[in-house]
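Look at the two complexes coming up: chain A is in both, with chain B in one and chain C in the other.
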Partner chain A sequence: MPITYEKIQTTTLPSATSTISFTGISGSYTDIVLVFGYKSNTTNQPTLRLTFNGTSTGFSGTQLTGNGSTDASYRNSNAAFISIARIVGTPTTVGGMATIIMNFQNYSNTTTYKTVLARASAAESGVEADVGLWANTAAITQIDITTATSNDFASGSVVTLYGIKAA
Partner chain B sequence: MANTFEAIRTVTVGSGGAADIEFTSIPGTYTDLLVFVSARSSTTNNFYRINLNSSASDFSGLFLNATGSVVASGSSSPAFGRMSQSNYTSNTFGNDFWYIPNYTSSNNKSISVDTVAENNSATTNFLDFVAGLWSQSAAITAIKFVPNTGNFAEYSTATLYGIKNS
Partner chain C sequence: MNILGIIASSKLGDAGDFESIATYSVGSGGSATITFSSIPATFAHLQIRAILKQSIGSGAFARFNSDTGSNYARHRLQGNGATASAAGDASQDKVLINTSQGFSDFGTIVMDILDYANTNKYKTERHLFGIDLNGSGAVGLESNLWQSTSAITQIEFISPNGGNYAEYSHFALYGIRSA
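Coming up: the complex of A and B.
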């Protein structure tokens, strides 16, 4: 049986940071999945800013949110990044936990624009489902996640990038 | 290259149904746990809930729900999944995705659930996104799913996968 789900890179944060990067991503998979076991170092409840290949143009997205009492949808376009957990889905307390899963389909083709489907779950703040678009045909070789504030990700957070092969 | 996505165990509910679906003695050799559930209820209640390490306490959670006509958000303790109710179209089963990262860490455990109960109906369908938290530092060694009422119906299935990052 061929192995079709492989770890590409993983990072267990040794210290607090607000920047996570995966570089040199191979094009040998069909899809990639990023799993972020988020532990918070702050009360900022930050939006995750997702960019590819070091660029800051051509991003847009739509978000569906629920905070335990209110549901809503949001939109951004012509943005410098894709917003993940834009309104809810990251913790509100120091030590708070969240699960963030991003799926990138057909990420290495050089014909189509790239999309990401994401889910952010934080029992403290709410649930969010996100879709993002990068209006660029380049293969994704680098993924960067940042926030607007400092050191939001606590040490011990685990971020892993998996690759899925068709065969 | 190591295999990073492994089926640990599958449970298939037999004739007469089952009061719960449980995975015990979960090894600590993975990074994350993922459970796919396909379930139908013996009653007209479509909820089932999760217990961890035989505990039904220290849970909290929030959800976002859509029915095809109404969207709502609320709180839930513990995290839940949906299954097709007994009065749903025959042979329909809910489909649920439970993801628990870093299940052996000493941190509190965050749970992400995507769950649907589709009835091929104009009014009684459910899609939920759920954020769950188990405020315990113990490694997860057992997962039990328990219907709110009644049993899991025959042919309900759940498969526990272990995901490694090395």
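Coming up: the complex of A and C.
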């Protein structure tokens, strides 16, 4: 029986950083899923900036947020990156934790634009659901996550990329 | 091991834990319905991962076991880029998926149906959906109740208003086993 849900790569950050990259992503899966066990090194509560294949054009997104008292929705258009956890969903304290999971469905087809569906949860700040569009038909072979500030991700943060194969 | 929706466990990769049951890729000309039938009862849960676009930009529908009775109910939380909103409907004749924004271009859903084969209780599905069109779109969470104790053996996705799912729409059904 073939393995359908497979770990592609996992990284435990050895030191604080604000940049995570997966390169050379194989096109042999149907979907890929990125699971980020985020431990904070700062109080910045940063937005995660998501880009593909080293590009900085063609991105947009819509966000749904809740912080315990208020719900809201936001949008980025004609952006240089997809915003994940734009308002809430990352920690506000040093050592704070967040779980961020991103779904990249049909990431390797070369006929449709690419959409990422994500959820970010941090008890300190709130929960957020995000959809992001990359208006490009290229297969996704590289995923980069950055923030606008330095060393937001603490040593010990764990990032794992999984592949899912449909029959 | 359990992999429910966007929750992933730390133990992955065992053959058969998360299994591809069937996949449907829409060809040229489109398709009005996508049907997964004869779903075996051998899994604990089901997950459907899809990208979809409709010829008529509307929400998607689904039905279980071809039940057209008013046996469905739902709740929704969604954001459209400007406001967040919540809604609920009882006595529906179908599962409703992103009915307010539709899928006028390719959007995505991840749907979980827990304990789908249990014959002692009603069934609940939940899904995360999103579509962004660089200036419009929506993202949200919805859950639908099917008031039937029957095991789910068929799931039919229906393009509403006489439309079709567009070419390159892709639906994949997976089964998740418990220990």
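Descriptive notes on the structure:
Keep this in mind: the second predicted complex is superposed on the first by the 166 of 167 C-alpha atoms of A that agree within 3 Å, B and C clash if a C-alpha of one lies under 4 Å from a C-alpha of the other, contacts with A are read in each partner's own complex, and residues count from 1 in each chain.
Simple rule for what comes next: a contact is a pair of C-beta atoms (placed from the backbone, for glycine too) under 8 Å apart; a residue touches a chain by one contact, two chains touch by 3 or more.
This structure is a prediction, so every number in the text was calculated from the model and none was measured.
Superposition of the two structures on chain A shows chain C clashing with chain B. In the superposed model, A:112 lies in contact with chain C only, and not with chain B.
With both structures placed on the common chain, the touch criterion links A:31 to chain C but leaves chain B unconnected. Of the two partner chains placed by superposition, only chain B is touched by A:124; chain C is not.
Within the superposed three-chain model, A:98 lies in touch with chain B and out of touch with chain C [touch as defined at top]. In the superposition on chain A, A:78 contacts chain C only, with no contact to chain B.
In the superposition on chain A, A:67 makes contact with chain B only, not with chain C.
Shared contact residues on chain A (touching chain B in one structure, chain C in the other): 3-7, 35, 64-66, 71, 101, 119, 129, 160, 162.
Chain A makes touch with chain C in their complex at residues 1-7, 30-31, 33, 35, 60-66, 71-75, 77-78, 101, 103, 105-106, 109, 111-113, 115, 117, 119, 129-133, 135, 160, 162, 164-167.
For chain B in complex with chain A, the touching residues are 1-5, 31-32, 60-65, 71-75, 99-102, 105, 107-114, 129-133, 163-166. Taken in their complex, chain A has these residues touching chain B: 3-7, 10, 35-39, 64-71, 89, 95, 97-99, 101, 119, 121-129, 156, 158, 160, 162. Across the interface of their complex, chain A is touched by residues 3, 6-8, 12-23, 49-51, 53, 77-84, 86, 105-110, 128-135, 137-141, 168, 170, 172, 174 of chain C.
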